[in-house]
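Some notes on the structure that comes next.
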Amino acid sequence: MHEITILSGKGGTGKTTITAALTALADSAVICDNDVDAADLFLLLQPTVLENGVFTSGWTAHINDSDCSQCGLCFEHCRYKAIELKDGSYHINPFSCEGCRLCERLCPQEAITSTPNSGNQWFLSDTANGPFVHAQMGPGEENSGKLVSFIRRKAAQEAKNRKARYLLSDGPPGIGCPVIASLTGTHQVLLVIEPTQSGWHDAQRLISLIRNFNIPISAVINKSGINQMVEQEVEQGLKRANIPLLAKIPFSRVAREAMLAQKTIVDYAPQSEAAIQIRRAWNYLAQRAQE
Amino acid sequence: MKIAITSSGDSTDAKFDLRFGRAAYFCVYDTSNGSTQFIANEQCDAQGGAGTKAAEKMIELGVKRIISGDFGPKAKDLLNQFKIQMVMLDDANSTVGVIIDKLSV
Amino acid sequence: MSVKIAIASGKGGTGKTTVSLNLFHHLKTQATASVQLIDCDVEEPNDALFLKGYKKQSEEAIHQMIPHIDTSQCTFCRQCVEYCEFNAIVVLPTANFAEVNKSLCHSCGACTYACPVPEAIIEEAHPIAQLSCYGNCEHTSLVEGRLNIGSPMQTLAIKELLKSHHVNADIQLLDAPPGTSCPVVATVTQADYTILVTEPSPFGLHDLKLMVALMRELQQPFGVIINKYEDNFKALDDYLAAEKIEVLGKIPFSSNYAHQYARGALLDDIPDTITTAYQAIITHLQSKLLQYA
Amino acid sequence: MPRRRRLRKIVAPPGFKGFRPYGHIKNNRVVELNYEEYEAIKLADYDNMNQEEACKLMGISRATFARIYESARQKIAKSLVESCEFKTVFGNAHLDDDWYVCNACHARFNLPDDNSKDCPICKSDAIEPIIKKMK
């Protein structure tokens, strides 16, 4: 099984649109949406859920009012200011609680209990393009990195069971914890770069992060033509960094129309320049996977 | 000497596990009497720090050599400090038994 | 009294940065109060890329306090290991060894509380991010947090950034990170009012719904700006109407403006249609500013 | 599953941590030269080996050698022209002090105590350091 992770640094560069198109091209692939924070891939793949479950991660403390003696010890020691004094009694703000459980240990009345966070759900679904593992985060839930690791493990397991050749992962934006979680153990990274100053700036930060993991990188430029000057800069930068540029997907309305039709670009407009370019990128990725 | 081998199951028929901190089991093989003992890795699903916890366990068990697929930087640092030999094998298809046989030849 | 307005969106690329910069620019020309932009997207900060006229005034490190165990004092009782929920501490009594792993530590202080020896665990500052101020003359217009590459502590970095004494203007615009998880919560809970930026597409709508659920759970007041507005996505208008969500304004899609964004020239020659849209939004916002100030 | 890394042998690591330009306007730009890139430059341009020999010595394919060499040259050129400091970093080479590879069974291992000098798996004595230490 060969895992390809699609990343961009900046959000909204077209990662999901391109991942969806790649899933239509790859035969024998398991698909995984690592962008648990804003999981949109399912909108294009229209999955039928086969299995689902709750993902618990970390703890949230809770104060039992009737046992609380208002000593304020927890309030004093909480580094996250998660304990608030409201209307004369102490409450824990679940959004600030990091789950260190110190308050629970300190409380002389044993009035504080911690419960595992269970706002996150994972799904295993069937789609026209292959099995699909995705997740939905509860609003404001903590640390999506752990959820990313979890669903990636799930997807890898599924790929193994079905003897799938590829695992295609739609990555999260940024360079933080969820991105690091989506990088460990992947075989190659496809960068989706938007030829804008901020798109290129973010991609460069991402490249230096990926370099720490020694993972081979290739890139596509999405929304090509939006700015020639920046695009040239991106192309030269990629050349300097020894990152092969696989395709330039033109800035056009096709992507938006396909999204509104809830289809992948290669299914919606197989003859469009965008579809042709994506096919070219996929051929390279598939070939590299064989090496 | 005690040698630990990362294992995906609790018998010598189980496949060698390429991960160290997140291996399912550790097989502790004692060269003095040829005995094996399988220890479940409680930390294999830990949210973080699995590698250091596994290294800590190895040190406590008095293991002198560990055979695994790869070691993370945190585990490596710790094992280096305690002079425990790390051996990396790329052998995803062998069973733990096959590796032990290689050792005892 | 200062007012903090966060600009957030579930999905990336809907135009948080564009809206933040435009609000900043138009508020500066229209309002008499001082205005600051705070770039809270510490993973990928890029407001500074667009504010070319401003010079970097100062730079300082944002620190995380990480405990250090003094093995000459430590009794190796393992109490701290017991207390640490994050598996960050290794103590080996037989080897007189005790160490805190910096990348796992959440700085909760549980170990210092657990430790029976007064001086055995002492916290030391470790840099996790850079705080930079940009501006002209004495005045600081942009404060940016930039996470060190490889650090997982984005939420802490945001909290520390917002506590900085450099953040001090009458109106503070907080450009939030994308998503709906803890870094976003850390930003919007500090704000008096939040503007959600969305775009008329199925992705945009789906992520807006998540964001609205989050804001309601946090009980934070919010309104919506529709960026790249075009007439052909009715589902969004229907949703906003059904949920009775206040729409602060609609910014028309302009392909010329997209080209300008690409160049980084967001604030030069802003098309009239866009300026008009922002002026309307600011008029709309004025009542909010008065309400929360 | 961990990714398999191809081993790149480095015969001698550079005896420095970096170079800094002198007499220029201070900037914060840094070029990071991997050890393997350093090695490629050394083999090709200092030891005057041809690519055939050099890639064998580093235990990599010719195409990979060419790629590393090209990248090294570009980085050095950038550092000269844009007057930026350059640093050497580990890159893909295993540079831990005492890591060895067994030529019989390809196991990689370290030798924390100096007693045994045989492969811990197959007992072969055909082991060699992944990096020969600078003397």
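Letters are used for the chains, namely A, B, C and D, taken in the order the chains are written, and counting of residues starts over at 1 for each.
Throughout what follows, contacts are C-beta pairs under 8 Å (C-beta built on N, C-alpha and C of every residue); 3 or more make two chains touch, one makes a residue touch a chain.
Owing to the predicted nature of the structure, the values given are computational and were not obtained by experimental measurement.
Undergrad: By the contact definition above, name the pair with the higher C-beta contact count: B-C or A-D.
TA: If we tally the contacting C-beta pairs, B-C comes out ahead.
Undergrad: Taking the mean of all protein CA atoms as the centre, name the chain whose own CA mean is closest to it.
TA: A
Undergrad: Could you work out how far the Cα centre of subunit B sits from that of subunit C, in whole Å?
TA: 43
Undergrad: List the centre-to-centre spacing of subunit A and subunit D in whole Å, with centres computed as mean CA coordinates.
TA: A distance of 33 Å separates the two centres.
Undergrad: When the centre of a chain is set as the mean of its C-alpha atoms, what distance in Å lies between subunit B and subunit D?
TA: About 28 Å separates the centre of subunit B from that of subunit D.
Undergrad: So, what's the distance in Å between the C-alpha centres of subunit D and subunit C?
TA: Subunit C and subunit D have C-alpha centres separated by 40 Å.
Undergrad: List, in ascending order, every residue of subunit C touching at least 2 other chains.
TA: 86
Undergrad: By the touch rule stated above, which residues of subunit B touch at least two different other chains?
TA: Where subunit B meets two or more other chains at a single residue, that happens at 47.
Undergrad: Which of the residues in subunit D end up touching subunit A in this complex?
TA: 1-3, 5, 67, 70-71, 74, 78, 91-92
Undergrad: In their complex, what parts of subunit C are in touch with subunit A?
TA: Subunit C reaches subunit A through residues 10-14, 17, 43-44, 46, 49-50, 83, 85-86, 106-110, 113-114, 147, 149-152, 154, 177-185, 189, 201-203, 206-207, 210-211, 213-214, 217-218, 232-233, 258-259, 261-264.
Undergrad: Quick check: in the complex, which residue numbers of subunit B touch subunit C?
TA: Listed in rising order, the residues of subunit B that touch subunit C are 43, 46-50, 52-53, 55-56, 59-60, 74, 78, 81-82.
Undergrad: Under the stated contact criterion, what part of subunit A meets subunit D in this complex?
TA: Of all residues in subunit A, those touching subunit D are 1, 156, 185-187, 214-215, 240, 242.
Undergrad: Touching subunit B in the complex: which residues of subunit D?
TA: Per the stated touch rule, the residues are 1-2, 4, 96, 105-113, 120-123.
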